[in-house]
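The structure that follows is given in the form of structure tokens.
Read from first to last, the chains carry the letters A, B, C and D; within each, the first residue is number 1.
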Amino acid sequence: MTTFAEIAPQLEHQAIEVPSWAYGNSGTRFKVFGTPGTPRTVEEKIADAAAVHRFTGLAPKVALHIPWDLVEDFAALRVYANDLGVELGTINSNTFQDDDYKFGGLTHHDPTIRQKAIDHHLECVEVMGATGSRDLKIWLADGSNYPGQADIRGRQDRLADSLQAIYAQLSGDQRLVLEYKFFEPAFYHTDVPDWGTALAHVQALGENASVCLDTGHHAPGTNIEFIVAQLLRLGKLGSFDFNSRFYADDDLIVGAADPFQLFRILFEVIRGGGYGPDSEVAFMLDQCHNVEKKIPGQIRSVLNVQEMTARALLVDRESLEAAQQEGDVLGAHEIFMDAFYTDVRADLASWREARGLPAHPMQAYAESGHQETIEAERVGGTQVGWGA
Amino acid sequence: MTTFAEIAPQLEHQAIEVPSWAYGNSGTRFKVFGTPGTPRTVEEKIADAAAVHRFTGLAPKVALHIPWDLVEDFAALRVYANDLGVELGTINSNTFQDDDYKFGGLTHHDPTIRQKAIDHHLECVEVMGATGSRDLKIWLADGSNYPGQADIRGRQDRLADSLQAIYAQLSGDQRLVLEYKFFEPAFYHTDVPDWGTALAHVQALGENASVCLDTGHHAPGTNIEFIVAQLLRLGKLGSFDFNSRFYADDDLIVGAADPFQLFRILFEVIRGGGYGPDSEVAFMLDQCHNVEKKIPGQIRSVLNVQEMTARALLVDRESLEAAQQEGDVLGAHEIFMDAFYTDVRADLASWREARGLPAHPMQAYAESGHQETIEAERVGGTQVGWGA
Amino acid sequence: MTTFAEIAPQLEHQAIEVPSWAYGNSGTRFKVFGTPGTPRTVEEKIADAAAVHRFTGLAPKVALHIPWDLVEDFAALRVYANDLGVELGTINSNTFQDDDYKFGGLTHHDPTIRQKAIDHHLECVEVMGATGSRDLKIWLADGSNYPGQADIRGRQDRLADSLQAIYAQLSGDQRLVLEYKFFEPAFYHTDVPDWGTALAHVQALGENASVCLDTGHHAPGTNIEFIVAQLLRLGKLGSFDFNSRFYADDDLIVGAADPFQLFRILFEVIRGGGYGPDSEVAFMLDQCHNVEKKIPGQIRSVLNVQEMTARALLVDRESLEAAQQEGDVLGAHEIFMDAFYTDVRADLASWREARGLPAHPMQAYAESGHQETIEAERVGGTQVGWGA
Amino acid sequence: MTTFAEIAPQLEHQAIEVPSWAYGNSGTRFKVFGTPGTPRTVEEKIADAAAVHRFTGLAPKVALHIPWDLVEDFAALRVYANDLGVELGTINSNTFQDDDYKFGGLTHHDPTIRQKAIDHHLECVEVMGATGSRDLKIWLADGSNYPGQADIRGRQDRLADSLQAIYAQLSGDQRLVLEYKFFEPAFYHTDVPDWGTALAHVQALGENASVCLDTGHHAPGTNIEFIVAQLLRLGKLGSFDFNSRFYADDDLIVGAADPFQLFRILFEVIRGGGYGPDSEVAFMLDQCHNVEKKIPGQIRSVLNVQEMTARALLVDRESLEAAQQEGDVLGAHEIFMDAFYTDVRADLASWREARGLPAHPMQAYAESGHQETIEAERVGGTQVGWGA
């Protein structure tokens, strides 16, 4: 079996973007609960993201959401972030919170609204120039609620046109990353419901377009690690939105609902060349915590990814392959499980300490007084949330 | 085959409660779209419900939601409703929109908050006295998002105690109806997730407690008509919340996602004695429409129930039973499908006309100018929605 | 609204291949029930298929399964079929009933077994020459039961190679049609689990390769008509395997579990150019009936497709498009549902009679004495079933 | 945190019945693969079960399936088993492999067949007398494939009568344990599809009737540990059938598909009083392995239960309860996960050695030569499988 010492060097490469919207209030359609200490400004969101990085060393970038994070001077925001030790990352567009988009954005039957949605993305591309972001991530809320309501096929054609118009404005290393989602907020049909649809569109666009896999966006029973392996094989896995879910798109802490699934996903990532300095796959969280504290919720999340990456790196791939070649079902399964069941937490604590990080980030955060400080300081103003 | 004329008399018994909250704005966690003409007051909601009844003859009662529909003078509200031709119906409690209920209400670990939730229900019972409502319907948002977060078992015991305290305050014909829901807003565990749990609790309470079956609250693949048959058999089916869903609890127009399922459900209702003057099963809609107009959305919904009831009544049950007894799979299935495939719409149009109702309620509503009137009149004020 | 008379001419184009294996005994892993009259030979299977066509005019072709339907002289079998009024259709390969295929066929890690699987397909291509079949349909049972058991990624590469070797042997108009399936018989991972994977492989092969969509092979909640529309848009929908399911791959009578879904699928087929004389999409049944009589089960199935095709043709597409353009959700949905709810059965009965077919094929079959004849005649010998 | 030493004494109580049918050939409806060394007789099955116990100390009982395991002299079989160090356990009835049961057994519309099914169970009760078994476990394959095929409601009433007739024949400590299953082999409706139905029936029977929970028999997304907690609370959890599944009832090695779910289930078992010397909950495997070797597959399975039981015992319940009371979501979750992530394997190896058991049972079995011996010896005769 592989040892922790052998895999430790590979842990240096781990970097997980955290989303600016993770620190605002979020909830369900039934209720959004407010909590003390919630940011009121983009700057406070970035400060929270920087805290996650400070305690873990794992989250060097903050993903932004436009228009939620629109500021007049993105160059200044970039300096602000850098001063706190983080960079601005992926730009996420939003065509689901304007009344005009009731029946879609990039797929809309009305050319005026469709153009408005395209223009919003062009604005995002401009922001990318100012922030130095590489990726424009597009998630569509487009779809319909009733059979007959919409022209499913025509919407695909319009989507292809819209994406083409946006893609044409990218320059240099910039990438368009298209996210798919099984359902919600549309119930009957979703315009990019599965990886096959996302793939068909990014293949039509070209080399700098790829697919974003959100781990919460699949039908029950879907083998997600298979999709990971397939997209890597096809050279079209652009990024991950990590989170976990029990039933729908619950946006819980990654690894919380099914830790073994996260292990299997990371194993295919590593095995397929999606991890490490030579990979261009971006790792992000996309989580909206409803009842837990936000900053430690994000700390827990990046730690979960790190712990599971360590376990996945521990798989003795040579022995595994030998067992597979022999058709030794139980032997191969056991080699695989051996890594999953190995408790890497003590080794990781030492590894962190050796790098000047807290051995136990959750505990260190709790003892740091940071939470109490922001709860005391952030009084007055309007707490941010989805849409604010 | 049974004819429409033979079943027509049974259509007289149909009455479907419409919810007051169907007319306010609703949406998903991503966005609530506003629409012109949305009610600003409880009275305007009741007026909308009355319009549904006026055009269909099917919706003589309005279900209320407390505190959304709290008024100072329920007696006056009752007169107001009666003047518009409708009655006040089921009272629905709400323990999910107050910050105190973040970790539950009737199941809460803190006795103070649990008592607050109980007291809210006692207030609902008082309202029932004033409105003349028979049923107190309890749907719990209680649950947890993470394994370990909550004491699943202890919460059941507390729930049993809380329900007992509420049940003890009912008088006369008043009933407690407990609704179950598979998931949402809690993601990991829900305190009343299935009909078995609801049954266990209402059995412990007594004769005037029963189960509410919401057609959208089940795991994928669940045979809902089986549950209908079982609850009727056990004498514990109290009411229906009708709606439809493709994946989660979409709250779409009943019958829209799977008309054949609605047919099968209504067949078991009729066959099990749940329909007609001798039945105490209450039929309600529980729908929240996001992108369609509210009043015609409700008209379409009650018509769907009526059309499908007519089809279910058309099943030639004698022939069906004979085929079943012979093990004639295809014959029995065909007798069943024959009723489903029969187009009852023209017969129903005539039947309506004979009763002084519009033959085509959807068209009549569109041509009535009612929608234009409320859109013009309801300007200013705050549109109601979930939580308002 | 469109009338039956207007759409009647389009009904002439309908042709649905029936599978030879539909007439043998089949069942579940728990039990296969035998029934009197079950065929003992390929010829008797074809005779049963011919009976379906004789009573319906809808099933002019029989799909064969190799090696189940291997005969020495396929030219003679072709003549035999033609004499009974039907043609031999799609050739289906089988790499799941030989001990060598325990860990896969076209994906196997052992080159010897992989070559054996390729050779089996080359034999199928030879059969196609003799039978005049256009399509080679490949469904793989390949996959694994345990995480770690197999090299998911390597199997994709081997599959691509194997398919290339087979594709290279096609000639003229011959096509390779690749079927995907969500799960079963493998439980953890399936090598072609979704349309995206099938698409990636057939795109790599070339113009004469396309995807087979089996309506029972999806995760719960999947919008199948969306996939139909997408594959037609991409020019890669090769064929349908029709059946229906409640939960897994139940292989029930098409349209039995969710008639409205079949309607929506056929609407997208028609709208996307997949129906009619200019389309190359092949329509097949893939059903294995366990408890009902086989021949009338197939008759019921092709009638279901016909009835639902008629309804889908009835959709007033001009009005529908207008309502969609206006964002009239309820109006568009109603136009769509209007066609679904129209009872076409009487019109179809007349239409059949005008063509010399029985007005009521199910009844005509029951009264024909055919079932009694085969039950009396087919005594002795071994009834065919899966694998025989 | 609790230590292994503290929980070690509780591990002594663990006993898991293994099923006699686990050692025969099994498969899917597509194919049953044969393997060398498969038992040909009941005695050889028991010998295999005894091997599992010899290597693990965890499997002191063998569950039998009637009529698969019918012998003339059960007293002799009991002695045979005892001599090998195991006892005969639960008796499982079978009403799904006789042609008469095509449309059901205990629910059948034909009184003759229904009586035959009842009589079969009475025969099982007689066997229990001879074997000294406590439990009669009843799993019904009864159901229907098509809407309309069967009288769902009437079948419930007949089932209640049949169970009553069987229950009346139990004596002393004998128990009737009723198993539920979501679907398969029936597809449209299953007569005991959920725990609510099983509960309703066993409540009607009396104190010696309880529910069997098979971990693979639920709809996707079902929270199984909730059901465990609820049944324990209601005093009606009779036994477990352990296995795991990814989608349907895959009958894989318990804990293989979702180890964390097994942990959560065992935590609720322990917390609810279902584990230990005072509990009457029976733990069984119900697995049918298709591609792996049978004996080591069972060894792996009982070890998985043991390892996960150890982890569940390690949960620091006092701290957990304190965190829950404080509404500390992340804290409570972390306490819970801490136990799950603890690697207990080395401690368990020492614990086994101290009891004269092999430290590493899988390895010990592989090195023992037992597999090679049975493969060499068991030549000729007919291998047993489902139904043999």
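Here are a few things to note about the model shown:
Everything that follows uses one rule, which is that a contact is a pair of C-beta atoms (placed from the backbone, for glycine too) under 8 Å apart; a residue touches a chain by one contact, two chains touch by 3 or more.
A quick map from chain label to UniProt name: A, B, C, D = L-rhamnose isomerase/sugar isomerase.
A quick note: this is a predicted structure, and the numbers were derived from the prediction, not measured.
Interface repeat of A-D: among B-C, B-D or A-C, the matching pair is B-C, sharing over half of the residue-numbered contact pairs. Contact count check for C-D and B-C (C-beta pairs in contact): higher for C-D. Chain C has its Cα centroid 40 Å from the Cα centroid of chain B. In whole angstrom, the spacing between the mean C-alpha positions of chain C and chain D is 38. In chain C, the residues that reach two or more other chains under the touch definition are 102-103, 145-147, 149, 182-183, 188, 220-221, 223, 246-247, 256, 260, 291-292, 329-330, 333-334. Residue ranges on chain B touching chain D, taken from their complex, read 102-103, 109-110, 145-153, 156-157, 182-183, 188-190, 193-197, 199-200, 218-223, 225-227, 229-230, 232-234, 260, 264, 268, 271-272, 320-321, 324-325, 327, 329, 332-337.
Of all the residues in chain A, the ones that touch chain B in their complex are 26-31, 33-34, 96-97, 99, 102-103, 141, 145-147, 149, 182-185, 187-188, 220, 245-248, 250, 252-253, 256-257, 290-292, 386-387. On the side of chain C, the complex with chain B involves touching residues 220-221, 223, 246-247, 256, 258-261, 291-293, 296-297, 300, 307, 329-330, 333-334, 340-343, 345, 362.
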